[in-house]
Amino acid sequence: MSHEVFDYSTTLGSAHFPNPIFTASGCAANGKELSAFFPLTDIGAVVTKSVMTNPRSGRATPRMAETPSGMLNAIGLQGPGIDTFLREDLPWLVEHGARTVVSIAGESVDEFAALSRKVRNSPGVSALEVNISCPNVENRGLVFACDRASAREVIEGVKRSVGNSLPIIAKLSPDVTDIVAIAQEVVGAGADGLAMINTLLGMVINTETMRPQLANKTGGLSGPAIRPVAVRAIYQVHAALPNIPIVGMGGVLTGNDAFELVLAGASAISVGTATFNDPSAPVRIKNELAELLVARGFTRFSDAVGFAHRAQA
Amino acid sequence: MSATINSPIQSDCEVISNRRVGAYQHLTLAAPGISERVRPGNFVAISVGDSRSSMLLRRSFAIYQSTSRGPFGGTIEIIVAPHGAGSTWISQRAPHDRLNVVGPLGNAFKIPKDPVRALLVGGGYGSAPLFPLAEILRQKNSRVEMAVGASTAERIFAPVEGKRSVHSLAIATEDGSIGVAGRVTDLFDNSLSNIDIVYACGPMGMLKALTAIGERAGVTVACAVEESMACGVGLCMTCVLPVKDKTGVIKMVRSCVEGPIFDGDAVQWDGIGTIPPGTYGAPR
Amino acid sequence: MSHEVFDYSTTLGSAHFPNPIFTASGCAANGKELSAFFPLTDIGAVVTKSVMTNPRSGRATPRMAETPSGMLNAIGLQGPGIDTFLREDLPWLVEHGARTVVSIAGESVDEFAALSRKVRNSPGVSALEVNISCPNVENRGLVFACDRASAREVIEGVKRSVGNSLPIIAKLSPDVTDIVAIAQEVVGAGADGLAMINTLLGMVINTETMRPQLANKTGGLSGPAIRPVAVRAIYQVHAALPNIPIVGMGGVLTGNDAFELVLAGASAISVGTATFNDPSAPVRIKNELAELLVARGFTRFSDAVGFAHRAQA
Amino acid sequence: MSATINSPIQSDCEVISNRRVGAYQHLTLAAPGISERVRPGNFVAISVGDSRSSMLLRRSFAIYQSTSRGPFGGTIEIIVAPHGAGSTWISQRAPHDRLNVVGPLGNAFKIPKDPVRALLVGGGYGSAPLFPLAEILRQKNSRVEMAVGASTAERIFAPVEGKRSVHSLAIATEDGSIGVAGRVTDLFDNSLSNIDIVYACGPMGMLKALTAIGERAGVTVACAVEESMACGVGLCMTCVLPVKDKTGVIKMVRSCVEGPIFDGDAVQWDGIGTIPPGTYGAPR
């Protein structure tokens, strides 16, 4: 295999990455623990756990349940808060040479704007992921990503704060009637890219206790179970917005799975739940995908992005 | 948070043997690279099924014994209680099968430099990691008493070899099928006279009761807890429990990297399954 | 186990069933083939493949793909048309003593109304399932179940045709931002019960051909992969509409899975994809669920419906 | 539609043996209840993995041999080409493992009452179900010629025992590694002189080519097709292909219950993967 002639690099707005395999927010903590398994510089980028303004305890346990080919989680965005994050976690990543996509989450439009301003002013950030799959406390707890107007307002606020200093990647929820409409809305508001999909809302009931298994009752469904939903969502959005880069995720366990999302239209791939199964998954998948692309005759990764829309049967 | 990162490795380990011991299966795995670095209290996370299994998450097991040399170049042993689908699958592996193992994980029991009078308390398979701890304590000239409890005789894990590493071994079963009828905490007086430190591994209820006994007696109880873990390596934040830090602040800490062993005093036993009021970052 | 004292019966509006295990529409054809594996009288009801006005060829092949713990299908409602169905398939079911829920599908409000009128006039039908997860040709192909107004209009039309002669069960799609809102809408329009969930829209891309695997590109995702979504949807809707019976479905493979849906709020359980894995699944699940209920001390099935909302931890 | 329902049964069948034959695995299963009712051309649907497998759907396999008696009370044999994850898993089963089997499924090759001159054409593992057919035809005093083709020698399935059931056996491989270099259709003249009926099992392309040859020669070609099947028993409608019925109407028919054997003339080979214009119920 002649990897030398293979160009694995990818681009999200103004950010360049030597390869398209990223971690998924919330599935790699803030990088440190994963670095026991591989050098973080090997992968395209580390996407950090979505961070909020203040420290968060997260939700009560149990926070997880295994489901067929997937899992539910209800962590509740436990984290140190943006200031500690920028003081401790981000510098560690920068020091270790990891390209970093910082993921932020807020409960109001203003919180998102303020968070993004702080991130903009921090050195070493490749891109900003705006996780809008959180409840909007100012609007009956409606999830931002499930409402066109709220989604637009958040991204507009972030864009005003960040300008063109950092690519803004809006992370979408699949729990909507029309994900293309939401995608168009946030792109109209200034998003440079899209991350999709976040988890699907699910529930497991423990048949011993006869109560919901999670303390929070509902949780987010991730893992290979949801991959067909991710592929469909990416395909639909890439068809509607072919020039907007997509960070694809949802159930990627192997290079072949990553390839599916790339063919659907993803310019980068985040590996989430798979990392719990195999802490080396991001590097393994990076290598497997490269092999597949080379075997299919691609000389540039970017040529494969959205290829399923173009190829004839 | 300064997690104790153990630099675990991931390795396909051959099953050397799998023997039934009462209600449990005793598995020996060839685990060179892992075995050398095991300290008592560490655990491993093992994946379940083949690459097409619907079960994605690893299962965690305390390390019973580990040898760093030998014909297999280093082995670890675990005691598996077949429970749900995953642990049952692991318990059924045959010699020559391979299991993907990540380890060693978690912190270890702290070993006092000087000789102590230690009480080791195990509930069910929880006694397993206490035997290698007993060995080390004895090497340090400590006096080691062990108390093991379970619902019934076949759930008592106290192999003959293990008995050699302790000065005394008391057994309690709830149904009285072996040892004293009752709970393991019934085995020793609440005053813990003549005990400097308690090491415990078992169900949360047992750990909580022991912590209370230790508090009354002014004796530290080192508790190995068991929280549901999705990753075992510190990535997911599923395995948290409320623990008071040195400054008195309750935080939700990851039992896979900052545990599984905690000072019983620090753990907010009644707050498990909640966010105790005042916890750092609790919703207002 | 003393099954004698256990009351397994269930009720959907005015219809009574000796037990709550049904087939799922489209997963049991029209009963004949399944009767090779067990007497159809053993289960609560056969839910027939959704039938339309005219004969339908369905879609081109490939029509299916296996996915992690699930499958995609894009059959395209292949079927004989309502007249042939009522002349040949329904009488066969009635003759063999099968309680029958007839599932109808239409491309317009009028088609649904006309179909339901024909079903009303046919003897031997226990209930009418209205599968509104079809594209509305009169409204840009928008799926009825994904639009409150369209969903309402269909059920109103059916209610006008059927009155109280047959329980009307509206079958909902999970591919919506707010399934409770749709449920409330159709119940307001006259639905006596709800069937949920239909499949999730998904896609598989064949990494050999680098094209979507299904001729139709997208398909419906079913099987255990989607069970957490089904449990969540049933739980939410039962919480909002506790008196409306729900026929629960989505990834039920065992009695324990069925129990999960019952605890969430299902008054009956349809077994779909599991039947492809195990053609005896409906009866097996019926027996497994009964064992579980008796073991948990229930003397009446109906006491377990929605129990997860009531039980204390 | 009057489906030919075979009254299949479902049964946990023990693997008696699993031998490698070229690129294939030859599995013998104890299948009492199923084996007695097998007719040549029938198939079985086998489930994959354990109850926690992520692969839900059964895989279909043509029945090679079946015996209704013997030490195992009736067996069936299948020839498995390891391809994707499911068939690979099945191909790796060892003696004493159990496989859940549904069968016999589908229709069977029609056997003429009177002696005929038959040509049996198999592509790859498609030759397997033709050997028992040959047996029966010979018992009816028919003359049986067989032609088997594949890409390479190891994909030719033509065991020595099988050769005894045919009067002649010709082999073609695309790489010429055994027999004539070329396609199986190169083995006989297009006129099919001295042939009354052709029976064929193999890839769609081969079946289509044979049908064309048969048409020119005025000879019926009975084709066993292979369409993706989710259930194998007539429930799901995934396995359809466009077939002309007796009145000349094209319908999408289920190959699992109305097939897998169709009269080549009736199958709309060029329309597979489409809804051919004019198909009964086609979108307007």
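When the chains are written out, they are named A, B, C and D in that same order, and each has its own residue count from 1.
One rule holds for everything that comes next: a contact is a pair of C-beta atoms (placed from the backbone, for glycine too) under 8 Å apart; a residue touches a chain by one contact, two chains touch by 3 or more.
Bear in mind that the values here come from a model prediction, so they are computed numbers and not experimental data.
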item: Touching subunit A and also subunit D, the following chains; value: B, C
item: Of B-C and A-B, whichever chain pair has more C-beta contact pairs; value: A-B
item: Approximate Å spacing (C-alpha centroids) for the pair subunit B, subunit C; value: 47
item: Chain centre separation (subunit A, subunit C; CA means) in Å; value: 34
item: Chain centre separation in whole Å, for subunit B relative to subunit A (CA means); value: 35
item: Whole-Å gap separating subunit B and subunit D, where each centre is the average of the chain's CA atoms; value: 56
item: Numbers and ranges of subunit C residues touching at least 2 other chains; value: 68-70, 223-224
item: Residues of subunit D whose C-beta touches two or more other chains; value: 54-55
item: Category of the chain touch graph - line, ring, star, complete, other; value: complete
item: Subunit B partner contacts - residues on subunit A that touch it in the complex; value: 26-29, 32-34, 36-37, 49, 54-64, 66, 68-71, 73, 75, 78-81, 215, 223-224, 273-280
item: Partner subunit B, residues of subunit D touching it in the complex; value: 49-55, 85, 89
item: Interface residues, subunit B side, partner subunit A - complex; value: 1, 3, 5-8, 10, 47, 54-58, 86, 100, 102, 227-228, 230-231, 233-241, 251-252, 257, 272-275, 279-283
item: List of subunit A residues in touch with subunit C within their complex; value: 65, 67-70, 72, 146-147, 175-178, 200-205, 207, 209-212, 217-219, 221, 223-229, 231-232, 235, 251, 256, 259-260, 263-264, 292, 296, 307-308, 311-313
item: Sites on subunit C touched by subunit B in the complex; value: 68-69, 224
